[in-house]
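This is the structure I have questions about; it appears just below.
Chain naming follows the written order as A, B, C, D and E, and within any one chain the residues start at number 1.
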Amino acid sequence: MTALLEVDGTSKRFGGVVANDAISLTVPEGAIVGLIGPNGSGKTTLFNSIVGYHPIDAGSIRFRSREISALRVPQIARLGLLRTFQQTRIYGGLNCVQNLLISRSTRREPFRQLFTLQGARGRERAEELLEFVGLYEKRNLLAGDLSFGQQKLLEFAMALMSEPDMLMLDEPTAGINPTLINGLIDRLKRANAEFGITLFVIEHNMRVIMNLAEHIYCLAHGELLAEGKPADIQGDPRVIDAYLGAH
Amino acid sequence: MNPQKMFLYGAIVLAGLAGPFIFPNNQVQMTELWLFIVFALTWDLVGGQMGYNSFGNVVFFGIGMYACAVVQIGLVYDVGEYTAAKGGGTAFIFDLAQYIWGFAIGLPVAAMLAALAACVLGSLVLGMRGHYFAICTLGLGIAAGEIAAGWDWIGAGSGMTPAPPPHDIDNVNRLFYYMAFALAVATFATIAWLLRTRFGLAINAIRDDEDKAEAMGMFTTRIKVTAWVIAATFLGAAGGIYGNLKRFIDPLDTAFSGATIGVWMVLMAILGGKGTLWGPVIGAIVFQVTKELFWTYLLGWQRVALGVLIVVIVVFFPEGIVGRVRQMFPERFGPRADAREGAE
Amino acid sequence: MGGRGSGGGDGGRVRGHGSGGVDAVMSVDDVSREASRIADGRLPVTALDALAGDAPFLSIDHLRAGYGRMEVLHDFSLRAGKGQSLCLIGPNGAGKSTVLHSIFGFTDIFEGTISVGGRDVTGLSSSNKLASAGIAYILQDNSVFPDMTVEENLWMGGYLKAKPDAARAAAENVFEKYPRLAERRRQPARVLSGGERRLLEISRALVMDPEVLLVDEPSIGLEPRYIDMVFEILGDLQRKDGKTIIMVEQNAKKGLEFADLGYVLVSGDLVKAASGDDLLDDRDVGRLFLGG
Amino acid sequence: MFRVMKFAAAAVIATGAMAGTQAFAADDVITLGAAVSLSGKYSTNGEHTQRGYDLAVQVINERGGVQVGDTTYMLEIKYYDDESTATRGAELAERLIQQDGVNFLLGPYSSGLTKAIAPVTEQHGVPMVEGNGASRSLFTSGYRYLFAVLSTSEQYLASAIDLAAERAADLGKAPNELTVALAFENDPFSQDVRAGVVEDAQRHGMQIVIDDKLPKELNDMATTLTRVRALQPDLLVVSGHARGAATAIRQIQEMRVDVPMLAMTHCDSAKIIKEFGDAAEYTLCASQWAPTLTYQDDLFGSAADYAALFEKTYDYAPPYQAAESSAAVMTFVDAFQRAGTLDRAAVRDALAATDMQTFYGNIRFDETGKNIAKPMVLYQVQNGAYVVVAPSEWAAADPVLPRPGWADR
Amino acid sequence: MPRRGWRRMNNIELLFSSPAIAGGLLIDGILFGSIFALIAYGLALVWGVMNIINVTQGEFVILGGFAAVVMADNGFHPLLAVPVAALVLYVLGRLLYRTIIHRIVDRDLFTSLLATFGISIVLQQLMNIVFGGDPRNADAGLGVWFAFDYSIVLSKVKLLAFVLAIVVGAALVVFLKMSRLGQAIRATAQNARAARVVGIDTNRVYEATFALNAAICGAAGALAATAYTIHPYIGLPYTVRSFMIVIIAGLGNIGGVLAAGLGLGAAEYYAGFILGAEFQIAFVFGLLVVVLLARSWWLGRKRRYLK
């Protein structure tokens, strides 16, 4: 497996606070990789650094061997590296289908393509994906009127619509009904298997991450604390000490 | 387009064409109304559909007004001499051909210059978010007016009189009416079409969550600037017509009139319904009628009434007329029942 | 549809942070549909009274409430005795948070009454809920004052106290108990990590010293050991200080383990009410809300 | 969507219907139309204008109205508020003519507004007599229906410059050694006055050392005055309607700026004596008219009689803006009577042939429509009163030159 | 325009030809700026606490000014009007809050801009109807101080305004830090929902804040009427400058507001002196745009615009 994303010694400081300190990790193509760590350990900062929300202070970030740390958010997204947000973000004033239509990948299309009418094919695909995440019946509702969990599913569908090579998910199951979590895990796995999307997931729910990821990185205090297979991580005393708590 | 709609649009166009013959005494007010519709529609494209509330669109209006007047005059006379005469001087006479050519060149130049200004200013200020954008555009509007008021070549604070119409045209206001009407129709058609394209979805997406749009790979700044440029183009042309309609350009009261037209365009869009296609049109009509009634029946108190109206609209009626109708008849006019639905 | 998680062990109960299977795939609507099916029919208010030990301290009667013109809760009633804790569970959008919002005055109430200790508090504005009725609310999202120090944040909890010293003393108690906060007492709250912030918010309730505490999603977004810490504080508040706690918890298992009473809400209707333990053992509830 | 459209169409029709109701005059009433500034930055002078019109109409109607041919008419004025903006003024003129069916217009306040309205009246062939649009350019545009009873802008301060040249010796200099500072509001009227002053100063070979345009939102001219203090010109000329006059007097005193001569416009409309007392002393003020002049007519009597009547009616001495407005109404009445008909073109020709004396001065129009029969006067504030000091035929006192310095007061 | 350009060079030369000119202008500018600083305190408070941009600031100022004029007309010392104007405006502030402002507190800034713009038009017109459109002035008869043979002249009224600006600023800092209401105001500014949760009646906090702002504006207006002339339509310059100051200084930074206010006054005077009075306002707004652009460029460079 070739490395799709390589983070090499990146550091990020906010004022005096070190949020990330020389973190290196690799996400192989086609894999599902997890990222765990206590609150404030720098997970979201790392995500933001990768997708271009803030410049990094040191190190390099490569996607398909291409340095992306100097690129802007939309440029990185157009390379096929997408992220979802912890506080779900959708276009509340558009209906579900429109949310998907506007998320369609335009990576290889010129700007003027914006001035074309929507084709039937886009709509078909949008409906397929809504079906896939279980929102087909809600397709004509305004996205802003959906419940939080449904919005999460919609955001996931939007990401799929964009046909990314790699998808970074920030706590996909936070605030979702436990029963639905199973469904979500299933869809994530299917997205990985059927659409070939590499996944990189921040997650607090250990049950989810242990089920989902093949390989897990654990951050603490801005540093990489441990990495390994789920079983190894779960048994790692440092991780238990820093994160799971001994009780 | 279904037959019902076709009939409707046909009826409007016919009514618009026949307007000056049915109400010859209200020709100027109707001209103004068409221009108001352009103001409200173009404001709404950026403010309502894209969520960038601008108080500075009047910049493009003013630029267009001056540009058109300068071209009209400059084709025939030296602009500096003309303005130094302060609009006076019987020597400055335009014959029919000169006058018509003045418009034929002046209006496109007005539109293009306004678009250019939108492109330059937009790439600078559209990076700002939320209220900083609103305030910055407010500053731009006032600064532009003050600069125009200090610039002698265009008459500075003494204002500028656009080319006087030749005596061969016996009803020049009718000419202005049809120009305004054509512009309003063109603006409406363009925006209606835009809202059916991906571009329409894109600016709506920016309104709803710009960070998300960026994260999904949209070059939002480029889209925002494009939207502003489109708005500015029509607004610039509208300015060109408006200056000629008023026949006297005061830099602060007519051209860069942020406190009147600049605010009115926002009010009209809100009154009719922000972020809808028909809202600005309806808002402009209702606003113009109300304003005229105030000026007629509330002498001396009309501005008090206007102030109260502003507060009432903004505080109690923020969803606008179209928004209210949608709330009341969700099946018929609900959020889905807009122009975009026909786009499949 | 509706399978059981393979990681589940004893009778539908899932304990610990263990692994689970992925064969349970259920859509939001399916959960709602299934949940309506398990409803006990209309629950008589007397049953609720009985659960609350026939001495309700907080009662909601036939409440219809929502936001703007949208009605979220339809004829909802609730009873909680003094010193009891009650956990509301249900699928997303069932109206759990709306119950808390209504009690605190963040919603539009169309009909029904809410009373605390026999006093009608339905019409009180949210600003007066703590002062007049002793109701405190711990919000789901961030509710610290970012530019005030940790210390000041705790003192603000005692804003209504006649003497500021009382608030200071209460704050000292908190610091004694939670050295994690004490370490940071002079730092502005904005530098706290998410978990520390949650800790601060909940321990501020100790300073506020309310009669009724409304807690919205105490464990959301928290790493495991903070979750335990949070429930520990809540336990203190209930058992040592005798506070009445009404809680909404997405992690239904955690919530029900903690709470004396459990209410199941589906689309704005109360479909089940029982003791927390009974609900934990209920097969349907387990299947629908506790996860496989 | 169809319903929305029907609503819109209905609204359009409603607009037309409402705006189309015409306020036609009754048989025996002549309605004059006027858009004046009742609000906005010119509201002070707009009110003076309106009161001047009203007073004239009131007196004329009391005297039995206007005899035109065989009919006697009462006068009536239809007012609108132009809010001190040119755009609005033009709209209202259009409205007066098109919807209200008014055939004769009285002027608005200020040159800017008159400039905006004149093309409208010209296009519709509606005669307009105005008393408050002094800009010279109004009378070089070939307007045939525009008549002004006042002296045009270039004359406003000409006598002040002439006075300075005449009395240069008192300032210890030759006329061509005098230095002049100009501070004029950036509006059509003041800028036209400036143009006149510049010409006059150049004619005398004076040197202009400061030439500032004051912004329209004018409440502070400290930077200009700082430069005045540094460069010490012999003559400071200020014009900016009532606000300009008030601001200048206030700040010249406060900053203790000493200039040998201070000349300005709009002293009386800014009520500088009442507002600023001693600070206003020795200021030279250009005026279209003064109550002490010896003109008279049959309607109001002498200039002093007019002033007394005005003061009795409105509780303050009439500024010239009011007087010239009253004169404008009298000019119309005179023309109606001579024309013997209310036909617009006939009235226009009668206006062009006007040659009359009023309490306000003689009125005779040249072919461009401006009054060439009446000169400007120059006041000086002396002992808390306006005293005419130029031209010499009406001068009641000698001007005090140079102004005493602040240290000597 | 070669002639004008040449004039500007001359102006610069003139400015630095004598320290009395440069210094005098600086002092005048700073004193001028102190009134803006006062008004900006109020705006910063309302903006920070209620998230409302109050366009009515200028009209509050002018109303305060008319209070001073009316009192002077009736034989009172105009400086007595400072507390009286503050009181009158305080009451008006509460009234406006109860009728209109409380409905827009939770809405977006844009709404507040428009709504308060509407209120400002109404107030302008009412003042025009009640007090007339004349430029008015309330002479406090305090006279001037001068130095260097009149080359530096210092109006005592302006000096008083300056001192008052500093005193009010200091009082505000102490009030916000120490008093119970001040604490409540700070808490509400930082997190309104949380404030409600700890039992603060945010509605009353808003009302007090808005009224306090109006009172500060009223006091500033009474000073403005004694130091400058006022009329019903001159409010806008005060509004926009207070805007500008708050944007430069940021919210919740009272020392910064004072510094920005004084600095703006001085910068404006220098600009007016060099560019000519006609570009003074263009300069202020140009500066506003430039400051905002610089801010946006700075944030963009750090890519810190994520909400």
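Quick note on the criterion: a contact is a pair of C-beta atoms (placed from the backbone, for glycine too) under 8 Å apart; a residue touches a chain by one contact, two chains touch by 3 or more.
What you see is a predicted model; the values in this text were computed from it and never measured.
Contacts with chain B and chain D are shared by E.
Comparing mean CA positions across the assembly, the chain most remote from chain B is C.
Across A-C and A-B, the chain pair carrying more C-beta contacts is A-C. Chain centres here are Cα means. That of chain A falls 30 Å from that of chain C. Taking each chain's centre as the mean of its C-alpha atoms, chain A lies 73 Å from chain D.
Here the spacing of chain A and chain B, counted between their Cα centres, is 43 Å. Per-chain CA centroids place chain C at a distance of 46 Å from chain E. Chain contacts: chain D has residues 39, 186, 213, 215 touching two or more partner chains.
Annotation for chain E: residues 124-125, 236, 276, 278, 281, 306 touch two or more other chains. Among the residues of chain A, those in touch with two or more other chains are 73. Every residue of chain C that touches chain E in the complex is listed here, in rising order: 104, 125-131, 136-139, 142-148, 156-157, 159-160, 204, 208.
Residues 39-44, 46-47, 183, 186, 211-215, 217, 219-224, 226-227, 229-231, 242-243, 246-247, 250, 254-256, 258, 270-271, 275-277, 406-407 of chain D are the ones touching chain E in the complex. If you check the complex, the residues on chain B that touch chain E are 53, 55, 124-125, 127-132, 134-136, 139-140, 142-143, 146-147, 149-150, 152, 156-157, 211, 259, 263, 266-267, 270, 300-301, 303-304, 306-311, 314-316, 318. Across the complex, chain D is touched by residues 7, 11, 14, 17-18, 21, 24-25, 28, 32, 124-125, 128, 132-137, 139, 144, 146, 150-151, 153, 155, 227-234, 236-237, 269, 272-273, 276-278, 280-281 of chain E. Within the complex formed with chain B, the residues of chain D that make contact are 1-5, 7-9, 11-12, 14-16, 18-20, 22, 38-39, 79-81, 83, 85-88, 90-92, 94-95, 98-99, 112, 115-116, 119-120, 123, 135-142, 185-188, 191-192, 213, 215-216.
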